[in-house]
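So that you can tell them apart, the chains are marked A, B and C in the order they are listed, and the count of residues begins at 1 in each.
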Amino acid sequence: MAEHEDDEAESGTIVDPRRLHEAARIAEALIFASAGLVSQSYIAERLPRGVDVLHVMRELKGLYAGRGVNLIQIDDSWAFRTAPDLSFVIRTDETEVRKLSRAALEVLSIIAYHQPVTRAEIEDIRGVQTSKGTLDVLMEAGWVRFRGRRRSPGRPVTFGTTRDFLDHFGLEELRDLPGLDELKGAGLLSGRIPSNFQVPLPLGEDEIADDEDPITALDLEELGLLTPGGKADE
Amino acid sequence: MAEHEDDEAESGTIVDPRRLHEAARIAEALIFASAGLVSQSYIAERLPRGVDVLHVMRELKGLYAGRGVNLIQIDDSWAFRTAPDLSFVIRTDETEVRKLSRAALEVLSIIAYHQPVTRAEIEDIRGVQTSKGTLDVLMEAGWVRFRGRRRSPGRPVTFGTTRDFLDHFGLEELRDLPGLDELKGAGLLSGRIPSNFQVPLPLGEDEIADDEDPITALDLEELGLLTPGGKADE
Amino acid sequence: MTGGKSPKKGRGADAPMDDLWQDDAEGRGLSEESLVVDLAGFEGPLDLLLHLARTQKVDLTRISVLALTEQYLAFIDRARKIRIELAADYLVMAAWLAYLKSRLLIPKQAKDDGPTGEEMAASLAFRLKRLEAMRDAAGKLVNRNRLGRDIFVRGMPEHIPTERRSAFEASLYDLLSAYASMRQRHAVTQVTIERRSVWSLADAREILQLLFGEFDGDWTALDHFMLRYLTDPAERTTAIASAFAATLELVREGRLELRQDGAFQPIYLRKGPKPQGEDDGGTERG
């Protein structure tokens, strides 16, 4: 294909309207059918050949803007969602989102704003040890994931947010996090504490010291794996 | 668009286009979000006062006619359905995505962490017999492969994970699998574990262990014989 | 759509998340006096410091770190006076703040490599600002239009072909939690087995039967017999208990006789009326 032709294809001007309409119908049907997010590449694979997926999506998005159901983009994926201003009609007594603990929510936003972030960094920001189960709950909710490992001594694992996180909080991309630019501007996301401020964190309960004793029958009782002497199961 | 016609006069209301649009948005969102058919009376109750539901539905139906998603009426209820002529995009593939069973997840994770690992070793770690089906499922999913043979009596086959495995689980390399500390930190492992408890660092994909021979074509032929019909998993 | 649901029920279901975000009002609006009594509402020293800083009622960028330090130290003192048990990190912070205070008050020495009091104070202020910023962000985040509360997905999804090529679905979280819980389960089981350095009744009986040959009709103390087989004192109790139980069984079968002169006196054994050695089929391992 010649280069100038490429350019034209990209701008989407040479697409015949009938094919464009057909492509839009397909994309629409695919996304509409799904409750979850549909990736743009997935849609692209199923469009008639030679149709620019971005062009189609832009067209569709415009079509649904202002309607009761909107087409929204999340990262590199698409979904139909009801318009936020109509929540009052749709919400029923039964609709309730799971409530997160204050701590879990704080950890979630630290991960969202600072990602990729290690557990030590999260603890540094909060000034407390992350209690057992907090990260667990966030991962189970599908909002937080292991991202990779920091290329630093010890190669600590880093955490980040997922597409479901964006979807859940109505964010198109991470850049839409509320107040992100201001926080960046204020240097609050740099992750680096200006000077050498170091308050030692005491050894937490999760930590197993090298010289710690192996588990005992008493520990097993605490874990609920053994019933305490003679007592019946609760 | 909508004039105050005699049409409306019969229901005794004068519809202003803005209100009609708003009513259509509500109806649209209600039907979209509902898990079942939505009765017309249910919609009518939620429309702004004085708006004729029949009028709204007729308008909406017309709007979606010819699109990738149609508004259809069944008795006195409404639903959205993808256009029948697009069924080929929606249903090209009938395989249902199934959740991996608990047993399969366990075996897969053992293979990931302990690779190269023999079947006997997997069973030793799990403490139960592994059914042939479990390994088959993992091989079929393309996540597990034969890696080689252990240089020990019987030359048992060793298993490892594949590139697809890394892709599916969003890992760049096997070394990104969280280790003991990270599993603990994320609340997946409780702090109260024996001090000699270890999570192995998996051997890279292409590395061959010292006591391992690479697998050959001849081996592959024999493999059917090597995995005798196992007992049912726990 | 069946009437209002009880809020209590909802909370019960979220048991691990019981500590609701909404606790803000109750937890933070405390007077300083009640702070002393209810330290439980705070998540560590930094949280407490942030709360104290807010009571200065100024922009965080203009708080007086010195005043804050004094407030914190006074608070800790009060807590100790009424013998509230303070977690170690509160005390660590107190020590650090006491150091900071001395840095701020004493003019800088010429030969001093450490950070100046001002630098330390600035860092503390930064940390407080950062924590507060994250709290605000969390508040904004949670009040956004949320899926399932304000925004809804297609209620009647249709099947679209799988995006992934594999026919199976599992997340990294599924995988890791399966691995961790399986290993943990197993680790605990192993430990249980390891701990069982206990003489079973069968063991004891076997040993007693081996010893039959040494009985010569005289009364012999049970302890005496067991001791020669037990070098490890830790096992002595369990061995004697099991051996005694096994002895009772052998007495019942008529293979042994048993005598004890009084409570806590030694227990003596001797051969019973029945011949030993040949198993007459009636032997059951208990």
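The rule we apply is simple: a contact is a pair of C-beta atoms (placed from the backbone, for glycine too) under 8 Å apart; a residue touches a chain by one contact, two chains touch by 3 or more.
Keep in mind that this is a model prediction, so the values were computed, not measured.
*Asks:* Can you identify which chains form the pair with the largest number of contacting C-beta pairs?
*Replies:* Per-pair contact counts point to A-C as the maximum.
*Asks:* Comparing chain centres built from Cα atoms against the global Cα centre, which chain wins on proximity?
*Replies:* When every chain is reduced to its C-alpha mean, the one closest to the whole-protein mean is A.
*Asks:* Compare the CA centroid of chain C with every other chain's and tell me the farthest one.
*Replies:* With centres defined by C-alpha atoms, farthest from chain C sits B.
*Asks:* When the centre of a chain is set as the mean of its C-alpha atoms, what distance in Å lies between chain B and chain C?
*Replies:* About 35 Å, centre to centre.
*Asks:* Can you give the whole-Å distance between the Cα centres of chain A and chain C?
*Replies:* Chain centroid spacing, chain A to chain C, equals 30 Å.
*Asks:* Using Cα averages as centroids, what's the distance between chain A and chain B in whole Å?
*Replies:* 16
*Asks:* Going by the contact rule already set, what residues in chain B reach two or more other chains?
*Replies:* Chain B, residues with two or more chain partners: 29, 32-33, 80, 82, 89-90, 170-171, 178, 186, 188, 190, 193-194.
*Asks:* Going through chain C residue by residue, note those that touch at least 2 other chains and give them in order.
*Replies:* In chain C, residues 152-155, 158-160, 171-172, 176-177, 188, 191 touch at least two other chains, as defined above.
*Asks:* Which residues of chain A touch chain C once you look at their complex with the stated criterion?
*Replies:* Per the stated touch rule, the residues are 30, 32-36, 38-39, 42, 79-84, 87, 90-106, 108-110, 112-113, 125-128, 133, 136-137, 139-140, 142, 145-146, 167-171, 177-179, 183, 186, 188, 193-197, 199-202, 214-217, 220, 223, 225.
*Asks:* Using the touch rule from the top, collect the residues of chain C that touch chain B in their complex.
*Replies:* Where chain C meets chain B, its residues are 152-156, 158-162, 164-172, 174-184, 186-191.
*Asks:* Which positions of chain A touch chain B when the two form their complex?
*Replies:* Of all residues in chain A, those touching chain B are 24-30, 32-33, 46, 67-69, 80, 82-83, 86, 89-90, 119, 130-137, 139, 145-146, 148-149, 155-157, 205-208, 210, 212-215, 219, 222-223.
*Asks:* In the complex formed with chain A, which residues of chain C make contact?
*Replies:* Going through chain C, the ones touching chain A are 1-5, 10, 14, 16-24, 43-47, 87-89, 92-93, 96, 115, 119-120, 122-124, 126-127, 129-131, 133-138, 140-142, 144-155, 157-160, 163, 171-173, 176-177, 188, 191-192, 195.
*Asks:* Considering only the defined contacts, which chain B positions touch chain A in the complex?
*Replies:* Residues 24-30, 32-33, 46, 67-69, 80, 82-83, 86, 89-90, 170-172, 175-176, 178-179, 182, 184-188, 190-196.
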